[in-house]
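I've put the structures underneath this note.
Next, two complexes with subunit A in common: one pairs it with subunit B, the other with subunit C.
For the complex of A and B:
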């Protein structure tokens, strides 16, 4: 009986099969129970696996943390003896049951009463240390166990409540992304059931602020995409009345500094470019309510050496009700110009799409210094339409170049919402608009906020629900615009330090802490907590 | 986003599929609720939380099962799993124990895991595993519902195991047709693996032959803290602390972990040199903190001149064999199948 016959087999298994199988194994039916767990006696829906795993993690965290709490009633004891365990096969509710039991250790545990910090962003308070629990020895009364563990349980419940909020919020994001993923794969039944899960999750988070609020809008947009038989055209998101769009725009203008930043920065650059010119012509790609121009008119009025002759060509959508809204605004601006002695002429160009504008409509004169101003418009040209083999944006940039402008001021959302894959766009948008909404909350004017949010909601809907030519909110980051403009024969015009100072001053005058201006290669970006959200740059034709 | 006072579960999540992670984490957490710091065990809650299945005489996927009382005195039950024949429907009561018709059919006596304190023969996860073994090994499986600690300490589990071996050995209907003998294998995971070794020891002095031992992540230990215990403590579902609790619950009061039941090749172990000990198949998971003890066990057998086949699965954690969603599962099932088929003859 020698040692022959002993053998050693080593197998490293395959971690790739583990990670590949880390997703829910069965996507076929949204009610599908994980078959393997069912064989082990547990009923968990495949779509809920991540959620259950996360809740288990939370439960473990609480149980581990509790070991440090010097109560005389250990948490384990409570969970084992005082908690009613319902159907243990339903893993999801079993874990939730335990977690909510711990939550209810604190009487009256709601967000307002426990004085929790606002859920938008700050979770540092969950980092409590055991030293906080030098609880006084429990009072030795014979009856009434409730008062005995008040202090440590208060903090425990505080932690749990934050964890609950926090983990519901995290789940919300995960499930949102899973839903977008299933939309991308074309698995609409699964996507639909995830919408139901999302709506349930929404009830567990604070939807008045933070991720809860933004998530609501994204869930809404996804629902529209999933449950509408016919893909929506861009028109279905446009208001019936042009005036509604104007109202929303105005409130967005007031609620946050983004549009003001855009206008100030562009105006400063235009002002500097117009130095020494007596005839100047501004072409505005989206007149809206002409909010940008009073400031420029006044600055030109105060110019040393006197104001130039100012022509303004305002492009905007045709008014559905027959009145010439462009003209109305033009008249208003003319009135202002007259009052500060600036010779002013206005022309309105009605076009529903920028692509439809032809340079001859602008009547640029040869002796004028032309400034082309595009605030949040160029990205709309990035759709799939092509005319005579070139894309809309190439055509428009070409005729801008053909005008030989003194300056082209461009402001665009600093985001990548035009990626090829839906999921990528969706995820980007989720984070972008979360940040936008966060920044809005910091500003105090509630009335403006509601409508400003609706303004953003329309952008969200367009990004999430529309495709092809209907999807116009095709935001691209500054780096891409730089490349595109260079390719179209433009070179950068550095925004000077004046612009930077103006922008910084603007922030101190109008807005809350958290906004930040950054300058890079002559371009300015405005962001919230180091995430840039809007970028301004200026250009001039490159010499041939 | 790991904060310093949070449990870091990222290691375990990276190496097992999500549903496995959920299953094992669930066990980990509920077991924590059941172990009391004073060494007692919440048996009532344990029984409530354990997912159990009844036996099923109706063949399901070619396997049917029924429970038998092996020892009325201590209430020792076992569940027998048999392969159904083609086209066979529900067997009558008499047919449950009908004799084996094949030349050789291995009978695997199975000891479930649970660190001596948890689970039963009718636990869902073990019922599923035993059914698989029937198919994989073309065997009859007898799963022993041994008494659990801390209510029943050493040597109860071994005695129950031995009782089961004697019972199986004496069943005429389990004899292989070729030689009218019962071809016995012992198989167990975790504490069941430990029971396999200790029951096989008892068989040495008897005339009952055990053809092979199959140990899946067997429970062994010792007073010394090994490198793998320290390195993997808490990382893959298991902590040294909970292992210590279970030894304190099983071993005799006052004994330490160098008791031979726990540490068979330790300072108090008995030598197996020159002893007719069954061939062993030892499966060790590379992420099990007990692997140093398990490898020492295998080495101990080799040094004593015994035949050992070792399957070492680098990336496996405990419990990988509960769900067939990973490669280790298939490697091990194949290993067990080969081991049984190569050793099923009585030489």
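For the complex of A and C:
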């Protein structure tokens, strides 16, 4: 169940059938849906879903509409006292078992006679007759646990509600995929009507958590794509002020451990790479609020042998209101550095796109050790633009290589959201962000969570709604980055045991249970329940 | 300059409607002030400046933990992990001990979870305190004046007090498992006239406080009896299981019963308290004694409700011939974590500083020594309530307690002073000795370390 085992292999050239009817998806999508269902906790194959749905309908008929069943008592008995007898995640057999039990309880069957075990004594000895099914509930007993004290109709409605929810959740995923499929085929009318179905389904699930919540965001994104007049390539949806971006980033930073993991791990590698160097220069591809740097400055200040001269070049988008926000951050960091006796110089490079940055802007000096730090930025270079025949990412990697850096720290989302086919991206993103939202729910800070979700919502919208150069969230898995970096003349710099120990210690102390850190070939990944979500690696120039 | 000083929050109207409108100003820029250091302190430079910086970082970390600021705590812990390796210089090792204690505290507090995986990740976490054999412990204790000072000073006071008695009953309440007794028996054998019978009563503490020994008290007792015999001293040995948590009640009960049959002539009662009494809970623990024998008079004064003072008063009721009180001179009783941390940091640098003078790096003994200090640090920092038993009080407060329990102080003679002095000469130059009124204080580089006081009933 390691990261390799659970990753979805990218499909190149899968043929998806585009029909107006809700035909069963082909094998590849079966696999993806099975993954989604497994992720939601169900061991049922998507090929069985039709059958299960049919059986559920039967069950509904039998339980709710058929008043000829004399005893809901034994059913309650089974449900209350043998709650774990059947495993509802194995939907097929669970439904079948319930159905067969209820069929046994038809009038005239032997089950209604004295062969049945007596109830757990919660009810008056007069027992029940079918007509009492709709009677007001008798007085409860005082003690006993919840399940034994529930009245039969309460249990029933609870079970039906659960089954309804589970049923609806599975349908939700199913219809989402179908909708994405129709979008890919260009069948917008069908897609539109499926959106309506999805809205209806949403009312039947719990949208405060789990699949309901994530589905809501994806439905929203699909709606934008389908119903907005502006072609997806032109504008980027949910465009915000840079200051708003900073706020969302900050709350995402606080709410979940992903960015913190990225910072600790990169800082550990940079700190170790800078050992023995008196002049060091950090190039930060996205300064944001400079949250990564106080800890590094402090650690450099107290390192054995004394602090080096530290230069920080922070790259970020230009401020819309004429304020030089990069400099504001730089000044703050300078103040901190001064207070801990670290000689410090800051330079801000304002660029709206990373590909607009040219190496001469960084003013790297020949005698200094350079660290290039890219947290969730490189994937933005994977768009279709080409200059002089080479892609943006190749160009940027080339000039990084040209700086001859001591270390390049790269952190990227561990996901495959840059596949050629829209449906593949969509399905992959649904799986990825479900896991992300799950992990967020486990963290207790409500205030940060809301805005952290919006941060992720923006990523989802970009993946689902945008195309061409507007689509910047082109996440690719570590394996692809490794290949790309090797091809650009880099070799891996193994993240040492210190990085692993620090990350493990800090995350196990302060994050909910369920997060896990794995190390593989010198790279660290942070994941949720064995699904890796973010990967950190370090690189150095390969000798020519 | 603080990190947030120049921070301007953006005007709300700039925020597009996509953002949840319930955000308020506080939510927008809850940016974290990174602890800034006043430049004057850092300009000190050198290792002293570093110790100050480390103390500051530890203080900020403690504050962050207390205010449940997980992000800041993580950042500071990350820095501390990098600048305070467990095998660095004495400041770094001291800081490392505190760092581990803070991590343990964070793990114990409700908002943070410690997974069992952590035990594998950071193998330093579990403090293995060594179980000493008697020989090991004896030579261990001899390495440094930390305990020898108290032994020597106490023995002189005891010998002066018990001159002429035919029976000497010594009650040894000591952290060091009777390590003082051989020298005391020696002194009794050589310096006292006659052959007094020596009765030794020892409280067997089961609280798991280091240093720990690998043999039972019965075995220990028979070794002591044999030793005494070799010095022509008849020694009777008795063990009473007791615990500091209830103020050694069981010990006191036994002694009280003995009081009744105490010889009218010639039995001296010596109570020797060596670094044990600070484990008895005191007022800041707000443990109200549930004993119904407390009279209303006693309940009036909260001072008297303290087990610590109650224990001293009980000792007073035994009419001891002399009571010696030796303990570490520091204040670790504060209920405020940060001030407790500062006090502990500004005291426990001493053992780390001294260890370089008597134990080589990497030696097993040094590991044991520092592990015991780490145990203390963890108890002070990571625990609260009844579990936090390292409640050191400074000398002045003990003196107050003794006086209010109807004891009066006895000065140490000039001979005693020079005896202690020549003992100190066997050790490194940094150790010193001074008189404070009637008391003797051991110092390291001028800082108070351990005090020794002697008392008789008024």
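Going forward, the second predicted complex is superposed on the first by the 379 of 544 C-alpha atoms of A that agree within 3 Å, B and C clash if a C-alpha of one lies under 4 Å from a C-alpha of the other, contacts with A are read in each partner's own complex, and residues count from 1 in each chain.
Everything that follows uses one rule, which is that a contact is a pair of C-beta atoms (placed from the backbone, for glycine too) under 8 Å apart; a residue touches a chain by one contact, two chains touch by 3 or more.
If you're wondering where the values come from, they're calculated on a predicted model, not measured in any experiment.
J.: Figure out whether A:420 sits in contact with subunit B (first) or subunit C (second), or with both, or with neither.
T.: neither
J.: So, A:331: does it touch subunit B (first), subunit C (second), both, or neither?
T.: Only subunit C; A:331 stays clear of subunit B.
J.: Using the superposition on chain A as set up above, list the residues of subunit A that contact both subunit B and subunit C.
T.: none
J.: Which residues of subunit A touch subunit B in the complex?
T.: Its residues touching subunit B are 1-3, 5-15, 17-19, 21-25, 34, 36-37, 39-42, 44, 49-50, 52-53, 56-57, 59-61, 63-65, 74, 76-77, 79-81, 85, 88-89, 91, 95, 126-130.
J.: So in the complex, which bits of subunit B are touching subunit A?
T.: These residues of subunit B touch subunit A: 3-7, 9, 13-23, 25-26, 28-29, 32-34, 36-37, 42, 45, 48-49, 51-53, 123-125, 128, 274, 279, 286, 302, 305-316, 322-328, 331, 335.
J.: Can you list the residues on subunit A that touch subunit C in the complex?
T.: 238-241, 243-244, 247-248, 250, 253-254, 260, 264, 267-268, 271, 289, 294-295, 298-299, 301-304, 321, 328, 331-332, 335-336, 338-341, 444, 447, 450-451, 454, 498, 500-502, 504-506, 508-513
J.: In their complex, what parts of subunit C are in touch with subunit A?
T.: Going through subunit C, the ones touching subunit A are 1-8, 10, 14-16, 18-20, 23, 27-28, 30-31, 34, 36-39, 42-43, 50, 53-54, 57, 70-71, 73-79, 81-83, 88, 103, 106-107, 111-115, 117-118, 121-122.
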